[in-house]
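I have placed the structure first, in the form of structure tokens, so that the comments after it can refer back to it.
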Amino acid sequence: MGLTIGVDIGGTKIAAGVVDEEGTILETSKVPTPDTPEAVIDAIADAVRQASAEYQVEAVGIGAPGYVDDKRATVLFTPNLSWRHEPLKDKVEQRIDLPVVIENDANAAAWGEYKFGVGTGHEDVVCITIGTGLGGGTIIGGRLHRGRYGVASEFGHIRMVPDGLLCGCGNQGCWEQYASGRALLRYAQQRATATPERAETLLSLGDGTTEGIQGRHISEAARRGDPVAVDSFRELARWAGAGLADLASLFDPGAFIVGGGVSDEGELVLDPIRKSYRRWLVGSRWRPHAEVLAAQLGNKAGLVGVADLARQG
Amino acid sequence: MGLTIGVDIGGTKIAAGVVDEEGTILETSKVPTPDTPEAVIDAIADAVRQASAEYQVEAVGIGAPGYVDDKRATVLFTPNLSWRHEPLKDKVEQRIDLPVVIENDANAAAWGEYKFGVGTGHEDVVCITIGTGLGGGTIIGGRLHRGRYGVASEFGHIRMVPDGLLCGCGNQGCWEQYASGRALLRYAQQRATATPERAETLLSLGDGTTEGIQGRHISEAARRGDPVAVDSFRELARWAGAGLADLASLFDPGAFIVGGGVSDEGELVLDPIRKSYRRWLVGSRWRPHAEVLAAQLGNKAGLVGVADLARQG
Amino acid sequence: MGLTIGVDIGGTKIAAGVVDEEGTILETSKVPTPDTPEAVIDAIADAVRQASAEYQVEAVGIGAPGYVDDKRATVLFTPNLSWRHEPLKDKVEQRIDLPVVIENDANAAAWGEYKFGVGTGHEDVVCITIGTGLGGGTIIGGRLHRGRYGVASEFGHIRMVPDGLLCGCGNQGCWEQYASGRALLRYAQQRATATPERAETLLSLGDGTTEGIQGRHISEAARRGDPVAVDSFRELARWAGAGLADLASLFDPGAFIVGGGVSDEGELVLDPIRKSYRRWLVGSRWRPHAEVLAAQLGNKAGLVGVADLARQG
Amino acid sequence: MGLTIGVDIGGTKIAAGVVDEEGTILETSKVPTPDTPEAVIDAIADAVRQASAEYQVEAVGIGAPGYVDDKRATVLFTPNLSWRHEPLKDKVEQRIDLPVVIENDANAAAWGEYKFGVGTGHEDVVCITIGTGLGGGTIIGGRLHRGRYGVASEFGHIRMVPDGLLCGCGNQGCWEQYASGRALLRYAQQRATATPERAETLLSLGDGTTEGIQGRHISEAARRGDPVAVDSFRELARWAGAGLADLASLFDPGAFIVGGGVSDEGELVLDPIRKSYRRWLVGSRWRPHAEVLAAQLGNKAGLVGVADLARQG
């Protein structure tokens, strides 16, 4: 099989791309994510039609935020688009004349990094994506681990703190509440409120208030050595690394891949994550250690990954 | 392939059995576990020789407590026997003329329940064994999930409580400290000390002191409705169920199997575990639920499981 | 000194009463709490003028929600009325011709119970008020414990859970998030969502949805034995009692008094609070235990208490 | 009244001193702490007799580790000396002809610092002593706060972590397990095991093993910038400061005094404690902040304090 289309449904944009067997993107398009679920489906169909007019494509993969069922056909639940048991595969296939595969977007990104990114050469990989929230995907023995019902690797919602922070999922103490872009922002704002004299650089990058702090300010301030920004990244890393240690006890992968916006900061965040990971790794003296690698494909990982999953049928 | 031998190295006894393709045990023997690692190997060899004198066996599987490497040959680490990188397969094969496979004992028990016990008919199974400690094993797509280095499914040591109880593994807050026979005993003793008038039955079963409380007293007292004993089982179930909910987010199995001594109590403990599991299951309204089943094979699961793994080579 | 006026500024109503030396309320009036801080002051002045027209009163005590300074004159901070360093004593004294004393409302309630309620006869009392939130006051050696700056006994905001639930105060894991009317509601809703079949009575009292559950439904359902409602009270009691045990280590009072709306449920909640308190009391075998008593004065405690504090000048 | 004797019963030594009204020690003696409770009483009597032969003393104060009753006569419980309801005052008074006052040693140290040390000029002081364990004492309105039964200010055993570390007191998650010399050692050992390359200086000060690390190594290594040692002090400070913030909500003192061996490290530990304290102080923008001061009297605080308490009768 030759070319396929990968579609990535994001919170603000829908990206579609024509991808070849080596994972090279030949062409991409982007449109703003519409408000209604039906309009999203229309937008996907439009993007696919446009791409397939120019290229000979053989299948379509769609990465969706949320639970995707075991047949890779129905979106069971997505927090942001209010899809509930949405038969996405059928609806898109009715509009275009190509086989469609649906996959959870974090699974798709994991597959992309495994197949074409930093995971190449490994057979057992756990990928976490630290963006606004925290997602993940797992490759076991060279195959995407989907679970019995399609909803495996929902890493963001394992409980890190009993009776901890409320999560959008309804539970408390979810990992996502402690190791995500939102958590990073909370760490910085709480610290800047308590000790503003340690956050001068950070506060100067915004409007001077703690409410005005944004994620990019924290990154920039951390690079300049702002104590509150540096501490905030360390706090995030503390939780991210502890979670990786748990995942090592569970999945025992050959490599961890850390992606998402946070991984763009490189060693600023990867180095403390590795330290925390080693700090909490059980039996660390008696076992081989999985490497902790930075993702390579950036925000293309999902699109490329889901295009490849579609190729495999 | 016909008959194989399964060996289970326990803390107090080494059990060996001849097992056929249906998982039926034709004969078993038991000897006390010797003190030194070398004597353990001798005892295993003796048991195998004895069994193979009578039956035509084709392979030997050995279930060992601790980390077993990815080649299923070396025991990397076992807390109780002080084995460190012990080449168990080679040493046993030197003494007997049969191919040997080593497997972690909880993995072996999981495989036994999957293949011949309550897990029959499922392809994706997570098994937890609540004995003195807490162990586990995972079947994914009909295959035992061993991980890249052979040390997957070390469930007992995922962190349930940050800064929590010290664990023998050197970490803090491990699941095993909250959902195990030892934890159950701690719950009962702490409660009986604080409110002895709620533990009259429990205390009457031993020597009347909290220090004299034993695991079997708690079970018996709980069956008679002793408030402290019942609360102690509930507390254990609270932690066990919350952990299962995490495992559902990670592995998304079709069924959970709960084994070990604690599962012998049946619904007394299974029912509250199921409630706690549902309480913490993320997105429970939008996804199929894995069943939570009681193990069927009791303490034979490991022996039967590792004998079958040896059969498969 | 004879009669004084007590004023209680509540979230929805301002209550004023003429109180004699025995703590008997001779007359009360209530008006809805106005929206703006200035209008609140006017309403207080009106109520005082009206009462003092009829009775010979000698001083006015005002119980305010929030921090009150060490001179009992300025409200430093109140979450609901947006007062920040508000010179309440001066402003009210300008409108009426009577000496005014300001006191934190939970301190006032503690004093009321100590002087005229269930605390009579004790010299060292810790009072917690479990209403929508959690407040408290302390009597040490027969004197109200105000602290150096007037802000002692802010029990609701001691940290019970590191990295726990976000609190309106900006911190995480505050006791108020686990032992308050709001917490009770959360417990009930989370449990009813997870296991609706255990909440049939509870759900039937409202509109059938978990969102429709109200505090009074939980009380009523608990009295009828609804498992989710009973468990929710137990969970609240678990946290309330553990906090009392901490307060015993800190203050070592002769008695605890539990007031607020939750104490209206009587033994339904007091009994499990006592059990949890004993469960966590340090060195319980070697020390005398403070009693845990239900408040007697209901929502009059603050008014009566602050009137008496005004009497003492 | 003129001179009094202060006695400090430590884990390894009993110190006795003659103290004047300004808190000046005129003479001291030390003997090893005997093994049996009766021998301890003999040693105290000997030390008192010796001192009173030379000086005209009028009373004796004895600081004891453990709970002292409300009459300051009986030691209710002491973990290290196995005293249970020991009538210490009576037994010592039978041996010497002077009035005796017993006080908890941490209370005595708090009083010493309040009266003669860094607390001079304050009326409301909370003192914490971070030694092997964590103790404390409170001065409210210029008086030692003893509580109804004499056992107030047992700070070391408030619960900082639900389901946290086991404590010698039988509870879990006590503050002492996270902010004490023992905790510091645990932090250093856990970190040095996980990341030995960050603990080179620390390990070089002992025998090279993590087991060989001692408290003084951590201090020395931290001064030399050893990353693991510095991190270990930060971790201790994180917990100490968070606890002080809780104590501010409860007692609202004018000053905190931090004593014990850990305070000998000065700003190395005081500075991060202050940061953590401010980080967690509730409503920090709207209230005056208590200062956090280093103790001045070192290990003489208890002796001097209890001598003064004896003077007051």
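Going in written order, the chains are labelled A, B, C and D, and every chain counts its residues from 1.
Please note the rule applied: contacts are C-beta pairs under 8 Å (C-beta built on N, C-alpha and C of every residue); 3 or more make two chains touch, one makes a residue touch a chain.
Bear in mind that the values here come from a model prediction, so they are computed numbers and not experimental data.
Under the contact definition, chain A and chain B share the contacting chains C, D. For this pair, chain B with chain D, the centres built from the Cα atoms lie 45 Å apart. Centres computed as Cα averages put chain A at a distance of 50 Å from chain D. Along chain D, residues 161-163, 170, 190, 193, 280 each make contact with two or more other chains. Chain contacts here are complete: no pair of chains fails to touch.
The touching residues of chain A, when paired with chain D in their complex, are 162-163, 190-191, 193-195, 198, 275, 278-281, 284-285. Listed in rising order, the residues of chain C touching chain A in the complex are 161-166, 170, 172-173, 178, 190, 193.
The touching residues of chain A, counted against chain B in their complex, run 67, 76-77, 84-85, 122-124, 140-141, 143, 145-155, 157-162, 169-171, 174, 242, 245-247, 249-254, 280, 282-283, 286-288, 290.
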